[in-house]
Structure formats: C-alpha cells, structure tokens
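There are two complexes below, and they share chain A, which is joined by chain B in the first and by chain C in the second.
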Partner chain A sequence: MSLAWTAIRLGTVLVYLFMFAPVAVVMLLSFNANQFGSFPLEGLSLRWFVALIENDAIVRAFQTSLVLGLLTSVISTTMGVLAALAMVRYDFPGKRLISTALIAPILVPEVVLAVALLLFLQALDVPRSFFLLLMGHVIFTLPFVVLVVQARLVGIRREYEEAALSLGANAFQTFREVTLPLMLPAVLAGMLFSFTISFDDITGTLFWKPGGVETVPTQIFAMLRNSISPEINALGTVMVVFTVALPLLGAALARRLAARMSGR
Partner chain B sequence: MAASASPAAGFDRRPWLLLSPALASVTLLLVIPTLFIVVYSFWLRTATGAEQVGFFLDNWEEVLTDRFYRDILLQTLRIAAISTVICALVGYIPAYFIAYTPTRHKALLLLLLMLPFWVSYIIRTMSWINILGVSGAVNSALLWAGLVDEPIQMLYNEATVILGLVHFLLPFMILNIYVSLDGIDRSLTDAARSLGCTGWQAFREVTLPLSVPGLAAGSLLCFVLGAGTYITPMVLGGPTNAMFANLVFEAIVTQLNWPLGSALSLLLLALLGALVMVYSRFLGIDQIAKSFR
Partner chain C sequence: MSTSPPAVDLDGVEKRFGEFVAVRPTDLTVPEGSFVTLLGPSGCGKTTTLRMIAGLLDPTAGDIRIKGRSVTAVPIHKRNLGLVFQNYALFPHKSVFDNVAFGLKYRDVKRDEVTRRVRDALTLVQLPHVEDRRPIQLSGGQQQRIALARAIVIQPDVLLLDEPLSALDANLREEMRVELKRIQRELGIATVFVTHDQSEALAMSDSVVVMNQGWVEQMGPPEQVYNEPASAFVADFLGHSNILAGRVAGEDGGFVKVITDAGATILCHTRDRAGRPEGERVRLVMRAERLLLAERHDPAPGHSIMDARVRTVDYLGQSARYFLTTTGDAGDPGAGVDLQAINPIDRTPFPEGAAVQVRVRGEDCVLLDGDADG
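So, the complex of A and B:
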C-alpha cells in the first residue's frame, strides 16, 4: 500500500508540474534579456515590460479589459446575488426549472451563445459594440456568480435573520444589518469570479468585439498570429499576476472580514 | 428578508422579484437569441450577400450531407473524446491524492488546483509554443545536448491540439473527481479491508464505483468544453486540425454567411445538448454544481 501511495504522490507531483510548468516558462521568459525572448536565457531584464507600457495598442486593450471586467462584475453580481437569495431563501413552484435556466448559459457551448447573441442583437440593429460585449460577458458570467453565491448562502443560518426580525427589525433593516454583512464574502467572491472570467474571456469576445477594439486576450491572440514575441510573454506575466493575485487578495480579505465578523 | 409569510398567505411575489433581473437577462440574451438563430438557419444568403427571408432547407442540407462538415464533426468528437479520456486517467491520481492526504497538503493542493482557472486560457494555450516551438525549451535542450542538429517541428498537429486541450481541461476533471471522492464515507473502505479485501480490491470494488458520479460530471464538462473550442486548434493546430467551432467562426466572422453559421452552431448545440440531457437524466445536473462548494 505504501508503495502504491508513493506512486500516487509522485503522479500528483508530475500532474501539477504539467499544469504549472508551461506558465512558469512564460513568466521566466518574460524576464529574458535575449532579444528573441527565447532560450537560452541571457540574464534578467525588464525590457519587455517597458516595451509593453510603450505599446499603445496593449495599453488600450488593458483599459478595455479593465472597464469591461469591472462593469461585468458589478452587473452580473447584482443580478446573481438577488437570484441566489431567491433560490436559497424561498420555496416556490418550478424551482428546478429556474435553477436550470440560471445555469443554462454555461450548459450551452460558448460558441453557440456567442453566435445567437451576436445575430439576435444585429437583427435589432445593435452593431458589434462595447454594449454587445458587455451583455455577452454578463450573461456568460451570471451562472458562475449564482453558483458561487448560492453555495456560500447555504452556509448562512436563517436563525440570525429570524432573531433580528423577532427583535423588531423590519425586513429591510434585517437585510442591511444582518444578511448583507454575513453574505459580504459571498458577494466579493462573486465579483472577483465574474471579473476574472470576463477579463480572461476570448471565445465569445472574438465574436462580439467591434473592429479595432481589443481586449487583452484578443490582443495576445492577434499578436500570436505573427510570431511569438517576448512582448507576449511579458503581457502573459502581467495577466497572470493580475488574475491570480487579485483572487488571492480577495480571498484573504474575505477571510479577514469573516474572522472579524465572527469575532464580534 | 426571511420568508415569514405563511403558506396560507397565498402567492409569494418576493422570490420572483429577486429572480426577475437574472431571468429577464437569460430570456433576452440567451433563450430568445437561440430561438432566433433557429429561424435564421432557414433563411438563405444569396449571391449578392443579402439575406433572403423564408423557409429554405438549403443550409441544413449542406450542413447535414456535405462530407466536409461530417469529417470535421467526427474529427471534433474524436479529439474531444481522446482529451476527455486522457483527463480522466491522468486526473484521477491527483484527485485521489488530494482526497486522502493529510490536511496540511490538502488545502495547498486545492488552492493550487484552482489557480489554472484564474490563469487565462489563451496564455495557457500559447505557453506550449514556448515549450515545444522551434526555439522552445525542448528543442533548446535537445540542441544543447547535441541530440539533434536542427530543431524538430513538434507543434501544429492533432497531438498538440489534444495536449493543449488536456492542459486546459484537466483542472475541471480533477476538481469533479475530488468532490466525489471526498464525499465517500471512509468507513466503507475500512469495512471492505476488514472483510479481507486488499487495498486494490477495496479501491476497485468500493472507491472507484462510488466516484463514478464525479468522473461522469468531469467527463461531461471536459467533453462539452473540448468539443466547443476553436481557440486551441487555431493556436496549436495545423491547417487540417480545424474543429467544428472553427467552422462556425469561419462562417460567421470571416464569410459573414450568418444563416449557414446559424445552422452549424445549432448542430453543435443539438449534439452537445443531447449529451447534457442524457447525463442530467441519469445523474442530475446538480453534481456539477457541487464543485462550487
């Protein structure tokens, strides 16, 4: 058994290496001083990051992604939290169907979702625009928010709310003073989740984006068509830091909040 | 906020008020658009580029009978199936390890497992060019060691498409298997062992069958996500490695033949949708939602 366990452990290490090594190589190469940005490594340098900042197209793509991600996360978290509250706190007829409807956007292949939304809005004379991009990202991230927030809400005991109500608080006060603070970590998780999904999305974005507008992933995709330049690796590194550090920070913050709340 | 109304109070409007923004969005941005492309797929794109409204079966006839589309469809299903099987075989090991290891490793490994979800798909896909490309890590090592005289062309074939897909899909599989393994009552394997099973027998007779829901959920996710991608073949595949979603992209974005693109995407939806339906009939869609807990 212990031999088998050793094999399993070794296998696990190998699988994790497989998952992380390629990304580690991207990050390593982005600091490479070599002018082709490939092996062999010739010392460390930040030149490719400087090149990034000086590249207008990339800076613009970054701004687009940032604004799009923020708007997406605010809109889809608002809708998702409300829906999750209804799903967790109430019983009503047709709940199973509603539950399926809420996660339908991830059951449908993203390409199909992209085509349907694009053609429908074009028929309504809505051109490929930032608005279309935003609608697409909202509908695509909504199920993730619902699932994440729902999972957290189940853990919040109803008794707290009932206690507040029985002590004379009205429904709105109860929500503001009890429910909202308790579910704040869930709301934050939903916002971060939808932000990163939006920030990373390429499948739908390539269909929806207007000509000339690029997000970071589509910018990388367009640059890949020429050849793999060290700038792409640097951009990749920035993106990894952005999308990984942010959730980690958020998780730490949420834990902090939760700890403070339970300490009271 | 709590539902204090008694059932006798009759219809409770509050859950529907809370649900209305989300349901309205799903209806307006997903349900109606999907119905719309069903209608659209029967229209016709004329030689002038204008669309002819009506009921024409031409697009469907082309999509369903043209060998070109059928071959690419089969190729897509094959690539997705191979990737899924590899994910299941490779993913079971770390899932098992995470589920049965002492707590200290567990939290770290789970956190690490979530990281790829945060690292952009396009970055993870293109990272393989740095590894396998002509001036990538493997070729550099081979050249340095003197094993080859010039770089080997390893990229842009079906194998690298599958590699890219496995790399992208593996975390989904591991997470689903782990969730399922973690829910197994440990006393069951203990009982099997005390009744004389070897470790391997206990695994084969107890643990493996009980983890089937997780394996199935992971496989469904991997297959559906894999069969619906067009980015991986575009980045890591050659000209002959197009997948079905590439055809959709071509028709819609490049050729602007929207009726044909509608028919193509509906065919993809029907195939993958049927799979999801069969799955939820037998196992319930809830299994997938479990991995968010």
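So, the complex of A and C:
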C-alpha cells in the first residue's frame, strides 16, 4: 500500500467524519439527562423526547409536515408519472420545451423560485394558504419524480405494451396490468423522494407558509432563535430517523419488487 | 356457393412517414390457413407492413381486411390477433401461466376453461411443466415457445410473427423453425411471418413475398421465387447468384442464345418468356450452386461452357464455394469476369489457381431485362 493510497483513505475518513460527526453528536445529546450538552454524558434519559411529545407546537408542526409530505408525494407522483409517460411514449409539438419546463424547478435556486411564486401570488391578490404551500412543494418535487420515472420508462420496451394490446387489453388495462407494475420501483422511489424533500424543506416553506402554520423545519428554526433547547436535539433525532430510515426502507422494498420481477 | 374470405387482405395499402415512403401501395392476400413470409433486407417495409396488419401503425392509404372485415379503423385490441416479437416480450412480472392466460382475461372465458386452454397451449408448445415459473427462469427458446402459446391461446384470426427466430442461436433456430411450422400446420392458422433470413423463408412458407425499398419485388411459392427470380434483386437476395450482362443472339432449338459481354455463349431455357428479339440487351442469372465445375475438356452435352480459373476456395466441408475468374481467348476484351460457384466436393476441392470448365444447363439460367440499373 503506497503512501498516496493511505493519504486518500485518511482524507476520505476525515471528510465523512466532518459530515456525520455533528449529526452523531446531536443524536447522542438527545439522550442526555442533563440540560447542558457536555461530554462525557452524565446519564441517559428520554426526557427530551417526552418534552417533545408534550410540546403542542411541535406536535402540531409534525402533523402539518406529515400531511404536507404525504399530499405532496401523492400529487407529485401522480402528475410525474403522467408527465413521464407523455414524454417517453408520445410525440407532440413543443415536447422539448415542456420537458425543460418540467425539470426547470431544480435548476432554478430555491430562493428565487420561492420569491417568484410569492410575488406572483401577491400580484394576483391571492392570500397565502396551506393549499398554495402544497402547490409550491409539488412544483419543486415534481422534477425528481419525472426524472426517476422517465429513466425507468425508457428501459421498458414498447413491445410489452404492444403485446398486451394485441391480446385484447385496452390502453388503460395495459397501463394497469403491464406498464405500472413494470415501473413500480421508480414510482415508489419518486414518492419517497418527494416525501422526504417536502418533509425537510425550509427555504420555500418559510416564504409560502400562511401565518400560524409551522412545519417541523420552520418550528426548529423558530425555536433556535430563542435558545438552544435540548428538545431540538430530540427533534433532530426524530427527523433523521424519518428522512433516513424511510428511504432506506423504501429502497429495500423497491429492490425486493425488482428482484421478484427478475425471478429470484 | 360462397368461398370464405381470405384471412388477410391488403388493398392498395401504403405507408408514408412524412416524405419517406416506407411501403408503396401494396396488394397482398393471405389465404386461410397458409403461411406467408415477408422477406427482405432491413428497411424494406416488411415490418411496417406487419405492424399495419397488427394495428400498431395506421396506413396512409388503402384498406386492410381480416376475414373479410375491414379493420383499418379498428384499434389493435379489438382485432383478435396473435403477435409474436423477436424479443419475446413476455411480461416479466407475471408467471408463465399468467402470461399465457393474459389474453383470455379480456374474452369472457370461465376460470376452469382458462386453465384448460392454457394447459393445452403449453402442451402444444411442448412446455407443460413450467406454468409456475417466471419468464426470466427460462431459456430464450423456451421463452419464445411461451410467447407463441400466449399468442395462439386466444384463437386469433391470424398469427403475426415479427422475426421470432432472430434472437435465437443457430441450432435452436433451426429446431424452432420446424417446431413453429408443425404448430402452424396443426392449428391451420393463417400466418404472416417477417424475416430477413432467406433460408427461413424458403423452408417455412407456402408463399414468399420479397420486398425491397417498399416495393413487392416478387410473390410466389418458395420454389418459384428461388428458381425463377423476377428481378436481379430477388436473384441476389435469395442465395448467391451470378448476374451477367449480355445480348440475345438468336434461338437454338428452344433455347435463347445469349452472348455475354465477356464473350461466352450461353444457351438459356426460355420458359414462358419467349420472343426476345435478336440484339436485345439482357441480364443472365445463374445460381452459384447451379454452376458445375469440371476438369477441362470433358465432354458436356446439354451444357453451356465457360473456361475459368479458381481464384479463392472457401472450404465448407461437404461443399466448397469457389470464386472464379473467366479466362477467354487471349486478347478477348471481356475476359476476366468474376463468378461464384458452390459445388459439392467429391474427394478434394479444386485447388486455387486450377483451370476449370464451368458448365451450366439451359434450365438453370434465367433471363431478365437488361441493364436497367447497371
């Protein structure tokens, strides 16, 4: 093993340490019995998690985030699947323009998108509402769904659908029986993407949320302005579990689906 | 007394993609129970024609009838067709049983009837024990049999096969060729088969339709298309042919006498194309396997003769393919025309450089109109 390789290994370890150590510290401190974070820990406790559940504002924010995330993922995935089908399976005038427009929200900086939508709505005299917040989230999660589903759809040969049609299934039956099951792993991945992106979004949400409504990230943001409470550590831990464990679970599910399809 | 309408009837069917004409106006009839092959190089319009019959493409003009019913405006899922693809296209997320049963779901068939018909179809393709497997667990040949079972279980009006053997390796392909033909005979189902492989076309078909650049070049039973090519393209595409330009130089006892540009005199059987005026330019088609090579100076009654030298020998085991150059008299302006001959080998093939006599019978020559396209 040469010196260069050792240096690369060391560098890699340091980079990952730099990225994940703070997260680990937050998670560790959330189990700390003491009010003030210090090492070594002075006893393990779940008191900050209990405080979390007893904090109405946080529970409400959590519910809002959950509902928002679920609705976003359902709407975004439905629209994204339809858009991907149109892009891959059909030819129509203006296709390239629409394709670019569908992807654009991830190319534009989120702040710009957020301000633009806000100004647009103000110009139209439309008040901010939960519905508009939801639409905002749909706008910037849609590209992820479209990209993932499109990539899968390109790999599904047209012959499967043609075979189903020739056997007497109409267009909808063909979609339900053949196209959808074949692209299901991508559809699930799209749903998870849009849920997690919506669940921990803060930039757009800060601009779009109506007064009095908080999501988990904006709630944390608000709490940090006053003081650094250990409750935030506990909330951080919960967030990590949600946004990491859920996609992992989903990926495992998708892998099993894909494996079953290829007959293993 | 009424005769039943043909299984498939194309009436002036044409397909354009913008400026490009994929299929020129074509009339084609597939009689009930017959096996018709669309043969041609890629881009000749054969697959486009099949896809129009299937309903996967709309013709630009003309009418398509299946069993006498015009289906030009009928969508594919209401045409009752069996379609088999080159890449099988079995549904990977369904078991073999569910794949075969797929078409029956949309046909109001009772459950035990479905089971019975699926089993019958699997027995017919000689794979009765795989119904619980996934397509990916089967070999290519087995997958293609399942695809065939899926297509015939719905009792289609016509079976459409789009290069179904092309993805298989050589040995399997020949086995499947026999198998496919057996199943087709057993069911008596009208079949349209698309291929670019001339031996498949000749071996399997009741009728071969040779297509080129959107045109039907020739249509007829395999022997006719093979022995009496109607154009230089057909002669060239079906096997190895020698095509020599020449001039009619009179008649000789029921044979047309042709002097080739290389100076050889060939007697050619006229068949039904009698009455070519003397001096007319013609092209002479001679199949490589109909040119017999012999040692010089053997007597050869009934044959026309050219002298040649062996340039290259392609040894094939039971036969050899010779690349020859004719050797006329010294100073002959046309000497040195290249010929190909495929001959069975008696003991040893002629060596490279050997001087040989090329013999051809009048019956084995076909005359075409001259030099249309050089």
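Basically, the second predicted complex is superposed on the first by the 250 of 264 C-alpha atoms of A that agree within 3 Å, B and C clash if a C-alpha of one lies under 4 Å from a C-alpha of the other, contacts with A are read in each partner's own complex, and residues count from 1 in each chain.
Please note the rule applied: contacts are C-beta pairs under 8 Å (C-beta built on N, C-alpha and C of every residue); 3 or more make two chains touch, one makes a residue touch a chain.
Worth saying up front: this structure is predicted, and the values here are computed from it rather than measured.
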In the overlaid three-chain picture, which partner chain does A:V112 touch, first (chain B) or second (chain C), both, or neither?
first
Check the residue A:V26 against both partner chains and state whether it touches chain B (first), chain C (second), both, or neither.
first
Counting residues of chain A in contact, which comes out ahead: chain B or chain C?
B
If we overlay the two complexes on their shared chain A, which of chain B and chain C does A:M191 touch? Say first, second, both or neither.
neither
In the overlay, answer first, second, both or neither for which of chain B and chain C A:N170 touches.
second
On the A-aligned overlay, A:E162 touches which partner chain: chain B = first, chain C = second, or both, or neither?
both
Touching partner for A:L182 - first (chain B), second (chain C), both, neither
second
Taking the stated contact definition, name every residue in chain A that is touched by chain B in one complex and by chain C in the other, in rising order.
162, 165, 171, 174
Chain C-touching residues of chain A, taken from the complex the two chains share
157, 159-160, 162-171, 173-174, 177-178, 181-182, 260-263
Listed in rising order, chain A residues that touch chain B in their complex are 1, 4, 8-9, 11-12, 15-16, 18-23, 25-26, 29, 36, 38-40, 78-80, 82-83, 85-87, 89-92, 98, 100-105, 107-113, 115-121, 123, 135-136, 138-139, 142, 146-148, 150-151, 154, 158, 161-162, 165, 171, 174-175, 179, 196, 199-200, 202-203, 206-207, 216-217, 220-221, 224, 228, 232-233, 236, 239-240, 243-244, 247
Chain B residues within the chain A interface of the complex
1-4, 12, 14-16, 18-19, 21-23, 25-26, 29-34, 36-37, 40, 90-91, 93-94, 96-98, 109, 112, 115-116, 118-124, 126-131, 133, 135-137, 140, 144, 167, 170-171, 174, 199-200, 224, 227-231, 234-235, 245, 248-249, 252-253, 258, 261-262, 265-266, 268-269, 272-273, 276, 285, 289, 292-293
What residues of chain C sit close enough to touch chain A in their complex?
54-56, 75-83, 85, 87, 89-93, 102-103, 105-107, 133-137, 147, 150-151, 154
